[in-house]
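Worksheet for the structure shown next.
Lettered A, B, C and D in written order, each chain numbered from 1.
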Amino acid sequence: MEVVEKGLNQLFMDPDPDKAREFFAKKSRSMTDKRMTEKEAVEKFVPNGCFLAIGGFGAIRIPTAFIHEILRARRKNLGFYGHTSTHDFQLLCAGRCIDRVDIAYVVGLEARGLSPNARRVMESGEVQVCEWTNYALTARLRAAAEGVSFGIIRSMLGTDTLKMSGARVIECPYTGKKFAAVPAVWPDVGIIHVHEADIYGNCHIRGISVSDLELARAAKHVIITAERLVDNAAIRINPTRTVIPYYLVDAVIEVPFGSYPGNMPYLYYSDEEHLSRWLQAEKDPEEFKRFLDQYIYGVASFEEYLERCGGLAKMRELQRLEALVDR
Amino acid sequence: MTTEYNMMELMICVASRYLEDGKTVAVGTGAPCATAMLAQKMAAPNLVILFEAGGIAPMLPQMPISVGDSRTFFRGIMAAGMAEMMTTCCRGLVDYAFLGGAQIDRYGNINSTVIGDYYKPKVRFPGSGGANDFASLCWRTLVMTVHSKSRFVEKLDFVTTPGYLTGKGAREEAGLPPGSGPYKIITDLAVLDFEDKTKAMRIESVHPGVAVDKVRKETGFQLIVQEMVEETPPPTETELEILRDEVDPLRLIIGRS
Amino acid sequence: MEVVEKGLNQLFMDPDPDKAREFFAKKSRSMTDKRMTEKEAVEKFVPNGCFLAIGGFGAIRIPTAFIHEILRARRKNLGFYGHTSTHDFQLLCAGRCIDRVDIAYVVGLEARGLSPNARRVMESGEVQVCEWTNYALTARLRAAAEGVSFGIIRSMLGTDTLKMSGARVIECPYTGKKFAAVPAVWPDVGIIHVHEADIYGNCHIRGISVSDLELARAAKHVIITAERLVDNAAIRINPTRTVIPYYLVDAVIEVPFGSYPGNMPYLYYSDEEHLSRWLQAEKDPEEFKRFLDQYIYGVASFEEYLERCGGLAKMRELQRLEALVDR
Amino acid sequence: MTTEYNMMELMICVASRYLEDGKTVAVGTGAPCATAMLAQKMAAPNLVILFEAGGIAPMLPQMPISVGDSRTFFRGIMAAGMAEMMTTCCRGLVDYAFLGGAQIDRYGNINSTVIGDYYKPKVRFPGSGGANDFASLCWRTLVMTVHSKSRFVEKLDFVTTPGYLTGKGAREEAGLPPGSGPYKIITDLAVLDFEDKTKAMRIESVHPGVAVDKVRKETGFQLIVQEMVEETPPPTETELEILRDEVDPLRLIIGRS
């Protein structure tokens, strides 16, 4: 198939659907209890050097607790799928965990500004980069979820974003029109925070799904952190609500307030005060080191982190904010 | 006597007038969102607001902090996902994309990726996010940005998001949907549009008390200037009242300037 | 883009996404009351010769009431998208409404057997045909829903199904592997029966969605028949449940038992006795004519059809069957 | 004394033994579904049943009439759609496809489209439905059909659904996923599989009291026959009991023969 134009950057993952099929052929389909701790799941599914994708939207419905554990486990040379990432990317940069990134959105925290530390990391030239757009990264996961090697979109065309990507411009076999072909990506591990899951991994999500349905189907290993566990009967009574079926899932971890300081739709709002303390602390590397020791490396568990951030009182406050009781 | 207003209030009020009633607009957080909210409370009650993360037509209770936070689908008609949003744009159902901008050139191309060398940048910005997608797929792109030589440049360090690329016909040549492209650029000095013949940037109107030469001086490339340049009608009492009291009472956006 | 192999049959619809964009550019986005009668909707959106696609799964969650109206309006030369169609196709053949069909599954009624009348129609050679598979037809709608001109799948390859289709075999620009490229299709009108809708067209569906989410996004005009109408507040209170947003919808028709004699998940089971009477009646063209007069042409409304089929007592029976109270 | 059973009961019991525990199977209605249900109640309690219309792992309260009716997702773990099902197959997560068949040839290709000329057929059958998709995308295809010369033919009128096409390597050449293809054909006379060297149909075992020559006589092409042909173990008391009392008490399927 004739390629009209080719992005200059290399792909971090192989888009061959048959290699993915070989992997999924061996993946268990049995409904078994998949509960484990963050520690066990990092140990088992997040080796140094693996390629990581995180669900949610940067500071909304993110698996904060699990990312903290990746930092405490001192993981290095991870690849990262930088779609709509904000605080999640900020965390991985804080731990210096990554050495290559597919970029649609990184470094920034939307209206909150840019992360000084993430900028230092990205401007150091030590991290391998490849440019994309938010939709392109969703489309790459979707292609993988469909079990094919590429998908076509009408974004990126004519820009340096395409030039510095791994995309290829092709012509439609019916209309001759140009499209950007984006390669399927099967991340080694996808980590998704949800509202409810059963012990097998069947999941409910309330509110926007962002790209998580595609990610759950593309990732070779899927780790679910859930606000609460529910009985399997709660899944089966309304199968229309299931958005991630258990056979995609490798680990289930119950983590109340697991998206803090991010927003968890319908449950609690983001802690903007804590997030701006992050940006503040990052300005001075020395102070930032102390900050990280205080909040991540110096704590044994996520519960302890929550305590240091204000504990139950703070959580209650964020719940009221989310419920629009306090504005 | 004229009403007092700051630069951000001016830009938001002026920009909001370009959002027609009954149309769809994909917005980012901050000023674009405030603008769409103001438009809804003024002339465009049936303006449909879409957020890239999946929020559709929310009854926004307050300014969202993120384009994905729970406010973006509060009492919305649907809480979908990224693919739903972008495919809706690609099908031609979204009339406006409303973006902010770092660097912009005469054809409305935008840089939000790097300043300096791509592989070892002086400044690394976030990248496209959904901006390239929206500007590629929506019918009309509006951009709101501060007007300065450092932002309105002759040559972008990086073309993150497509405007008219190299001029008339270039979008179609690249494979972008015909009939789409930049519509208005709203700055603190003027409103700019694009000349049909060349698709190059042109002064549509200058804001009250701003001289055309001032706009030229703050622009790093040759602007097209018509013989008669209109003056932008200033924000009305009502616009400012609604913006201050209902849209952004905490002054999260309008407090910035 | 090099085409390795080409299906021999022609496409009934133009896969140009820019023509579709021009149409959708003009489509209203306003939330207006879209209620109308079946008659009005057929009049307005189903002219002779237009290309039709029907939601549901043949005899599950189908817009029976609306199809009856198409017959009564004596529509002719319709194109039909024959994905997973059973009783819906049987009805359109009964009315001799169609002259061209994209075929994945027609003529049959699954375990119930083949429709003698539909066979007569299809074996007459008077209907233009093009062969596909169920997934291929879903993928064609999905490509349209994505606003692109084609999608790629790994079905159809190597078979006469591909040879007699409009698909084209292409090679992946990354892996060189072969895929079947299937052309996007934007049907003129899509008719979907749902559980609940508001007067603007925001819809809820319970249970399997089959290909209806893709269809609602691909069809130029979407007609919704709903078991019941709900207030817009019932949509907004839980936007996660919305599967079809109002701006895709052109007409909303409230039709209780609208899927009868088909199954409506969670509400009523299929009337197998009535469906086998259909197959029985079709054997003899003369008797079938009488049968159609009795049940479709001779009735003024769908309510009257329901009455002739046993009315409320029968509906109650099917509700109990669905609820597994009577087996 | 041996237990009494009819042809359909025999086929279902024999076929059910090929569905391993902990695997996924995409089934059609009728016999394939009954077979999977029997397997679940025998050696494969963790067999996951999928239906093309979107039903995943239901607690089947009774035999569904359609692959889309509400029974196919009754207390299921998910009620999805066609795309979810087929993409799950394409990703390599579905181990078995279980199909019925009209005409079949030596390489396990199936015709369910037409008898006679395609454009003016003697008989128009439904077409592929999801059969071509399942047989293309799932790892192993099982087919259940009555054994007769009119069904086991030298040349199909139409190749609706791919078996091994023209023999070893042909699927891969066509672009179908490597390692997939027909696995077992279960008929009322025998179980057939495919020789590795040629991917041509071979007798694996003949049913109790059936002679190899009888199978040959009812097959319209040359079958591969090994020196020693085993006899299919007959249905056990337990298999028949569960099939009759729990799987198909209304004899919707097993009453057919």
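What we mean here is this: contacts are C-beta pairs under 8 Å (C-beta built on N, C-alpha and C of every residue); 3 or more make two chains touch, one makes a residue touch a chain.
For clarity, every value in this text was computed on a predicted model and none was experimentally measured.
Between A-D and C-D, more C-beta contact pairs are found at C-D. Distance from the subunit A centre to the subunit D centre is 40 Å, each centre being the mean of its Cα atoms. Separating the centre of subunit A from that of subunit B, both taken as means of CA atoms, is a distance of 28 Å.
Note on chain placement: the centre of subunit A and the centre of subunit C lie 37 Å apart, centres being C-alpha means. Residues of subunit A in contact with two or more other chains: 17-18, 146-148, 153-154, 177, 179, 206-207, 239-240. Annotation for subunit D: residues 73, 79-80, 83, 90, 137, 177 touch two or more other chains. If you sketch which chains touch which, the pattern fits none of the simple shapes: not an open path, not a single ring, not a star, and not all-to-all. Going by the touch rule set out above, the chain pairs that meet are A-B, A-C, A-D, B-C, C-D. Listed in rising order, the residues of subunit A touching subunit C in the complex are 1-3, 11, 15-18, 146-150, 152-154, 168, 170-175, 177, 179, 181, 183, 205-207, 239-240.
Those residues of subunit A lying in contact with subunit D across their complex are 17-18, 20-25, 27-31, 144-148, 200, 202, 217, 232, 235-237, 239-240, 242, 245-247. Those residues of subunit B whose C-beta lies close enough to touch subunit A in the complex are 29-30, 52-55, 61-62, 65-70, 72-74, 79-83, 86, 90, 109, 113, 118-133, 136-137, 158-162, 165, 170-171, 173-177, 252. Within the complex formed with subunit D, the residues of subunit C that make contact are 56-60, 82, 84, 86, 103-108, 110-112, 114, 119, 122-123, 125, 129, 131-136, 138-139, 142, 153-161, 164, 169, 177-180, 206-214, 263, 265-266, 269-270, 272, 322, 324, 327.
Put simply, subunit D touches subunit A in their complex at residues 22-24, 46, 48, 56-57, 59, 73, 75-80, 83, 87-93, 95, 137, 139, 177-179.
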